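Below are two complexes that have chain A in common, paired first with chain B and then with chain C.
Let's look at the complex of A and B:
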């Protein structure tokens, strides 16, 4: 195995991990603020992938333009989702609220999945935009430019998120509620609104990941729940409440899938879950959890 | 308990036990449906020991079902009789529960649910990859004759054992410890409740039922594959049933599984499309408007009281 293939594997792993981390960050944001395990998270990714595909396929809009146009709509969708389905549960006892939220988001996931399957009956099941840009060659390494652009977009979105969380009032409020909801409320933060904003933002990130996913890979109506599960792995592995941990977790899973998958394809998908159990044995709070 | 408390359970018992004696072809369909209903109810009931009484939402309950199914299936193929296979399944599941309880029960609340959910996928992948042992994704086949009637009785018997176990635990010292952990774990620990030991015990007890059910399932169906016994929908269904019926009450999972299973059948036979979406809608509505589940709805509560089946709800 030469240096060329090793580099190729590492690059693919990092690029794949970037998209994972983006969507997982959204889920982590939602979980951090509301404490809700949003089982419908992956469905928003799938839905946005679908809409992006339709926009490209039917209307002929450039997919990279769609990446900027469609996910903001999903912010509103996520906000509405929280408003209608999650907020009414707020006053229940802790373990009852957890159970209710699990039911509600699971039910929503089933609805999204089934409606999308129904809508795509008679068309191809895996939606994919076969977008093609010539590869770059640096020395002896071939760089897939499409994936590089996507990775660039992922970094841009993450930087924006970091800026938002650090320098805006709403972003700081999101962090405050994540750390201590009661304390934030006592300091005058409107926690109900912040919950909605967190859902909106998280859904926005999932949608962006979905749009990117459909450009360089494919999206089918059934990917939602399995993807949600993978993001949960990433979050728990990185450490709940630590956004750097989520990025690290995404990177580790992307890399391990790419490298292990190269040698033994069958174990490529397994390694994420094995790693998670391994990490939990050594550090129950995740890699960067406190 | 007064005499009338035995009326409804007695009637159900008579019907279920007598059904295989009815000499009509029609009963075959009803029995198949009931067998699966008992399976789901048993899973939901045993899930609720951890999910309802202990307050830890274990989304990986189905892992024990799959482990049991594979243990019995593999042993059966090398000539081990079913009873020994089932005992082995219990041992494997309980040992697995004891091992995973150490890292997993250090996690609280939703963290625990996340990790146990990931365990389902891990087991599916492992079963897919250990081709020599499990047959991989093409599945495991066992050779057995027609087992409709024995499975039907066995699953029903197991369900009754699960309900009785739940009732017994609810009244025991162990149950009290479990409930104290559910209400406030830190306080319970400070008062000297051995939380880690109780949580491990609860998980081990609750793992035995799905293990046996899994063993009976493979014996009944004669074929299993990882996507089926470790499937995500399979994992979430018993949880949804228990919550829908009323988590933490012995009657809850029974009500929930009967209701959801019946509803599913109704939807499947009446409508052509969008079964999953309708089911999802029901699940959403239950989560939104019935936090305590069916068993804690006023009219249902009153009915249960009249029948003498109302439990202490603490």
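Let's look at the complex of A and C:
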């Protein structure tokens, strides 16, 4: 394999890993703050992908504009999801609360999946926006413009999230609850509200990833749970509690899929799970876990 | 001594008379019931259609197509069955199998046990039929496979199933004949979706091309879940084939490959997409121009062509929009032939007639079923022109009409 092919595979992998990292960050944020594994996370991605598709297909709105318009609505949906389905479990014993909450999110995921399948009957099952921008070519290396724009948006959203977490009161409170919920509560942080905000933010990131996914690739009603599992792999591999680890995990999965898929397409999709096992055997806390 | 004759007590006599009467009534009523059961009032046909799931984009309208066929048959009075000396209407019982083999099987069980159908029309694809046709074997009900022609379906003994189509590895025969006569093509890249039918059909195409002296410079199978084809496309670009052939039954999979091939600058002389229903053409837009596809029917003006067009119109589609509409039409014709030949709804007789059916289509193509259960129907090459599929068959017409894509997306 020549150097240009290696370069092409690396570029493809990094560009593909960006959206993974963005959605996985959302899942990590929710898990870090509330301790709840939100199995409906991928469903929010799917739903936002559908709404973005409808906005483009029916209303003719530019899909990149929709990336900024729709996810804020999903922040509210995520907040409401936590308020209605998760918060009522707050007074239960910790292990019961976590198990119940995870099961609630699983139930919600299945309901979202069925509703989307039902709504899709009679139309194209996979929603995909036929958006095309000519690619750039450097030597024999192709830089797909659409993926580059999407990667740029992913970086922008991640930078905004980092700023929010570092420089705003709510962001600092989110970090405090992630590190020590009881300590944060004793310092006057309203942990119940912060849980809701974390769900809202996590859902916002999943929704943004969904909008970007439908522009470049496609979303179908059944895509949610498998994606949630992949994001779980990424956050465990990167290290629970480490947002930098999650970003690194996303890029590693993107790269490994690209490189393994070149040699054997059949194993390209499975490599995430093999890598997870490998990383956990060597570093049980994940790559950047503390 | 004067012996009086032995007399039966009046109550006992009454009981005996009542019992005799009841026995006679039961006998007569039973015979009547048997006769009523022997003379059905309709032909009950059970099927599932993928109204949702990944196959929805390729067979979604076929529920309406089947209903249009039934209405057409019933408008003529139905199908004459000699044993009952009656013309019986067709009654369809259909469910949505969600493109899932296990869901399909459970519905075929229901069709056999609850809906009591007389025969089955199978679902879409070999994988789905492989699961669903177990119900045919269990309940011994004739099972007409519309789309499903892989060896795995016919290598296991099941005398209740057959298809009108030729074996999967012969699916590209006519396209291979076309390429054998076209000049300027030497190398091929073939990618198949990881599924029973696609792997067999792609392998059959590769074998035929090799036999004709062509070189296969890339051949691989990609998982059903693949969304990012960048690595595969890179490898195909490195192989630099004249023709890239994509064999995928699920439109979303095919659409992703083609969109990314365009984005990454894959520019072969020809692109072949075996299954190219209208959702794929629509998703690609102008980029679909000159893509080669295959259809189970071709353009023509025979009575069969006209009948198929009318059925499609009633289902709200055009014949070229859904490649499998042609094979559904053949299946309906085959069912009519088999029922007329059997002259009864007795399962064994219909099963036998299903294998013995022999009819011609489109003014010359003969449809017969061999002892293994394969039919003789094959696909016809087509090409996208201005957003619709036009025929590259018959061969001489195809050679004149064919235009290379030449990397223009």
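Note that the second predicted complex is superposed on the first by the 288 of 290 C-alpha atoms of A that agree within 3 Å, B and C clash if a C-alpha of one lies under 4 Å from a C-alpha of the other, contacts with A are read in each partner's own complex, and residues count from 1 in each chain.
Operating definition for what follows: a contact is a pair of C-beta atoms (placed from the backbone, for glycine too) under 8 Å apart; a residue touches a chain by one contact, two chains touch by 3 or more.
This is a predicted model, so every value here is computed, not measured.
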Three-chain arrangement built on chain A, chain B and chain C clash or fit: fit
Touched partner set for A:266, first chain B, second chain C, both or neither: both
First, second, both or neither for A:236, with chain B first and chain C second: first
First (chain B), second (chain C), both or neither touched by A:88: first
Contacts of A:191 with chain B and chain C, given as first, second, both or neither: neither
Partner touching more residues of chain A, whether chain B or chain C: B
Which superposed partner A:218 touches (first chain B, second chain C, both, neither): second
Which of chain B and chain C A:257 touches, first, second, both or neither: second
Which superposed partner A:135 touches (first chain B, second chain C, both, neither): second
Partner chain in contact with A:120 - chain B first, chain C second, else both or neither: second
First, second, both or neither for A:175, with chain B first and chain C second: neither
Shortest span in Å between Cα atoms of chain B and of chain C, once chain A is used as the common reference: 6
Doubly contacted chain A residues - partners chain C and chain B: 117-118, 226, 266, 269
Chain C-facing residues of chain A, complex: 5, 8-9, 12, 16, 117-118, 120-122, 124-126, 128, 130, 132, 135, 137, 142, 144, 146-147, 217-218, 220, 222, 226, 257-259, 261-262, 265-266, 268-269
Complex interface listing, chain B residues touching chain A: 51, 55, 57, 59, 103-104, 106-107, 109-111, 113-115, 117-122, 125-126, 128-129, 182, 232, 236, 239-240, 243-244, 247, 273-277, 279-288, 291-292
Complex contact set, residues of chain A against chain B: 31, 35-37, 85, 88-89, 92, 94-96, 98-104, 106-111, 113-115, 117-118, 225-226, 229, 232-233, 235-236, 240, 266-267, 269-270, 273-274, 276-277, 280-281, 284
Residue numbers on chain C that touch chain A, as the complex places them: 51-54, 56-57, 60, 96, 98-99, 194, 220-223, 225-228, 230-232, 234-235, 238, 251-252, 255-256, 259-260, 262-265, 279, 282-285, 287
